[in-house]
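The two complexes that follow have subunit A in common; it is paired with subunit B in the first and with subunit C in the second.
This part shows the complex of A and B:
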């Protein structure tokens, strides 16, 4: 049997403090979730009369969910999910394609202004995002995209500096001898990129896809500004429309909608957590 | 006309001249090794031959074709890289057939050539594996297989053994030599390892600081090095360089140094100097023989002995200058002993002490 070291009073106090902070931090996350979950099963009247953290009278009361999924008026939440998935798939596909191409060019070719270009990507981070909506809106309006899902596709598909650096970091680790070898074998730069570099970038692509999907799914500002019509709404915008001042539906129904919106991210996290950790820590450990 | 002809190549990167007026030729079927220390321009020279590096002066001909302005893919060359540059996401078969797929070779023909190359290289049971599942030697064979199916005029190798451990390096080197003998393809091979050059090459091109120092068979370079650099770069242990004076006397020459006066055989000198010159006598450890005090050329004061199994290397000093002598394994000489030695002077070289050039 393993021998255990004796706990001194000081160590015991430190251990107790560690647990207390962990429990407190966990509660701040778990209690609101619990409150939302419990609320989603309450009737409108029960919701108003009971404590926010009390369990519902009937865990099998799915009326609120029915109302969200199949409303009598307005659009079902499925519509917003479809919009979100459409925006996510199109934007992330474009982002991966352009981001990987830009990274390939920046890493493999030497041309005047190369560093300036990378610097420009980094400099964009320094521009406060609150300054740009007016001009962005004008551009989108000019393109005829304002107030449509396509505005979001365009805005999300621009490669941000983080995605770009993830790609560059990864491409740097692929020997240029691979390119040279393919060139001798007769491949042109497009063939080298699409048939060799892009497939070899799979781990980096997984990281970028996960990070950007989480961002797009959770983002509220861009849908609010550029695609606020109910028919163009993403899930975050639809939730907002539910809870808007004009909304006449019960808070309990909104709770059901919130649970439906959270569920995919939680399920996704359980399946992908290995990749999420790997993606975020990548480059910090080796590279 | 030679099979591979490189004429007056000059390549500069900015103000740095990587190659300065380099010319050499290789006959069909020859195994040419470009040898030199790191940064001597040997890899640049190889990349110029492949066409991967552009913008240079001079001309390159392969198999009677001027390829100077051609793209790498049109030069009919195939290259094995230091990292092997295998495509990690593709199977061995796909790695080997990649170039043919790019060129839209029909599938049946592709499969036939892949199987042929794989069988020749004993890779046929590995065709469905990924490179990560292969050993270093197997990866190298895949890289060679990829070259074979292209049926190139010229095989190029860029330090292909430097990633392998000592034992595997020896095995793979033997395999390469065997393969070259079997296929007979003209090969240009870059290495900084003089041992590799000696064992593989039919012709060595020795480079230093972007210029060719000497071209010849491995034995030419070993026995008659063109200058001090060539003499010291080739051979283990390094050649003994003993400093002294080359003094003319009676239409012959004598080498005078502290502790020895040696009569230099005229055959090893290009010409007899008209006056005494500062010089270095280059002589290899294996050209020493144990002698008696009466017939000795000099006396080696032994610092330490290195037995290698077959023989013993005595490290010490002659007239205060460091020297090594290879002697019979039965020699009992040890630290502090004074060992009389006789050199086989017909195997020596004499260099100008100032310029390093062979005299």
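This part shows the complex of A and C:
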């Protein structure tokens, strides 16, 4: 055992190699981001003439950011942020509410069709949203939601197997004795769910909220397919439309838009990373 | 855990109205909205997809849609076969996913050694996964474009005298660049999943192995690998399916142009730009069938290894 503590030249070489790979991989993450951050503070002329990886002449040059926040024409990025937050809040609230209800019913009761329902939710994993746009669009049009933010609310709040499994797993860990004693006190099932189970689900709810918010904020496919109008745009679509008009806007301005979009996530990520890791581990081990 | 017997036990108490009625009421009210949503947004679209695939629906006017049998399918195999061609590009992404799983496992094992600084490395490597999809694509495009950061670094640091067109949509190798973008973005996800599995391995197994005189290499293959085999298999299965459905990265970085199109991009274009909803639906059904077969194969293999991985049923 003592032998293992000593670092032989071979062990040292292995360790050095391990660190080298980590550092190399980290550089591939950091360098592109650094280059974009630096570019976002450069004037259009400076952007063209300077090295892509050099720092800007003036870190306080916010002109590019001003152009994104207060554009001469078109909607400001704040509009897209408002849309995104609206979609996120509504969809996640609905998903948590209905997800917890379904999990409660599936875990606490046996009823005909229960297995079928579980199977249907599980089978959804095999039907990704990218394969059904032709028919989903028809349904949304029928509901009068096509090309609106509300289409996104409805789609994001719909069945999601990972959230459901996280809820079921958690409810399973709450003893049914809790329900029993509440029933003895005269509580009905609705009271048991809303007053007892739902508050106890808080940790699972936190996980689901964080995972879904990350997903909704970052998703491109659904906004692209069902809410591509500028007035309905989430940040993804806004950035997509913005990056398409390179003829009239300097690349440096697009860099500023990129930084504005990713800044909130990076800040949030540093505070919440522990929950994100836990959520992914839970969701994937089961799902 | 059969919690259904609450109802039976409750019957002995003093219910305001029958526990059985209450039980039914709660099941119906709690499931109503989710069921409507499930049927309307998940089940019905798949059924309608099958119907559309048997018609010449243009995506706009139902009145002019006619039932044409399996002609969309037979056309896809004959005169429309070029529409199916982009499916070959999935191989680039599959290759990327394999590299990604190997790299993620390598990094997860290193991070699991709890070396100094490992938390910072995990944060950095995971970061691309939480970035907005469009922003991440723009970051990568900025990095790889002709006068982008990478070519500049190659020139300044390694003295490469010419610029490499990493993102030239006319070239097949560009798919490798796009697959690399995919690895860049999703590596952290596999890393965290595998890392989670590694942390579940009890430390005393390693201690015991060490007492027996096993070296790191032996410990990995005898203890670590068998413990994470299921998680790796699951990731592999997801990668195969995922590489067939690639959409965002090529769409955002090269606009899916030229040789960088994928099956999903081609399908969306066929349906929405060329207004051939029938053909697009047939493509989708075709892909759904492939995914279904892959899913069944995965299940069979899983049973073959006799170790349940995705325990989707609850207790």
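Just so it is clear, the second predicted complex is superposed on the first by the 267 of 287 C-alpha atoms of A that agree within 3 Å, B and C clash if a C-alpha of one lies under 4 Å from a C-alpha of the other, contacts with A are read in each partner's own complex, and residues count from 1 in each chain.
Here is the rule we use: contacts are C-beta pairs under 8 Å (C-beta built on N, C-alpha and C of every residue); 3 or more make two chains touch, one makes a residue touch a chain.
Source: prediction; values computed, not measured.
Colleague: Classify the contacts of A:203 with the two partner chains as first (subunit B alone), second (subunit C alone), both, or neither.
Modeller: In the superposition, A:203 contacts neither subunit B nor subunit C.
Colleague: By the touch definition at the top of the document, which applies to A:71: first (subunit B), second (subunit C), both, or neither?
Modeller: Neither partner.
Colleague: Which partner does A:191 contact after superposing on A: first (subunit B), second (subunit C), both, neither?
Modeller: A:191 sits against subunit B, while subunit C stays out of touch.
Colleague: Answer with first, second, both or neither: which of subunit B and subunit C does A:120 touch in the superposed model?
Modeller: It touches subunit C, and subunit B stays clear.
Colleague: Go through the superposed model and pick first if A:180 touches only subunit B, second if only subunit C, both, or neither.
Modeller: It touches subunit B and subunit C both.
Colleague: Touching A:44, do we find subunit B (first), subunit C (second), both, or neither?
Modeller: So A:44 meets neither subunit B nor subunit C here.
Colleague: According to the contact criterion defined above, which of subunit B and subunit C contacts more residues of subunit A?
Modeller: C
Colleague: Using the superposition on chain A as set up above, list the residues of subunit A that contact both subunit B and subunit C.
Modeller: The overlap between the subunit B and subunit C interfaces on subunit A comprises residues 180, 183-184, 186.
Colleague: Can you check the complex and tell me which residues of subunit B touch subunit A?
Modeller: By the definition above, subunit B touches subunit A via 50, 52, 71-73, 77-79, 81-83, 85, 87-89, 98-99, 102-103, 146, 150.
Colleague: Given the complex with subunit C, which residues does subunit A contribute to the contact?
Modeller: 1, 4, 15, 18-19, 21-22, 25-26, 28-33, 35-36, 39, 51-53, 98-99, 101-102, 104-111, 117-118, 120-122, 124, 126-128, 130-139, 143, 154-155, 157-159, 161, 165, 168-169, 172, 176, 179-180, 183-184, 186, 188-190, 193, 214, 217-221, 224-225, 235-237, 239-240, 243, 251, 254-255, 258, 261-262, 265-266, 269-270, 273, 276-277, 280-281, 284-287
Colleague: What residues on subunit A touch subunit B, complex-wise?
Modeller: Its residues touching subunit B are 175, 177-178, 180-187, 191, 195-196, 199-200, 202.
Colleague: Hey, which residues of subunit C end up touching subunit A in the complex?
Modeller: 1-4, 6-7, 9-10, 13-14, 16, 22-23, 25-27, 30-31, 33-35, 37-38, 40-46, 48-49, 52, 59, 103, 106-107, 110, 115, 121, 123-128, 130-136, 138-140, 142-143, 147-149, 152-153, 156, 184, 187, 189, 192-193, 195-197, 210-211, 231, 234, 241, 245, 247-248, 251-252, 264, 267-268, 271-272, 277, 280-281, 284, 287-288, 291-292, 295, 310-315
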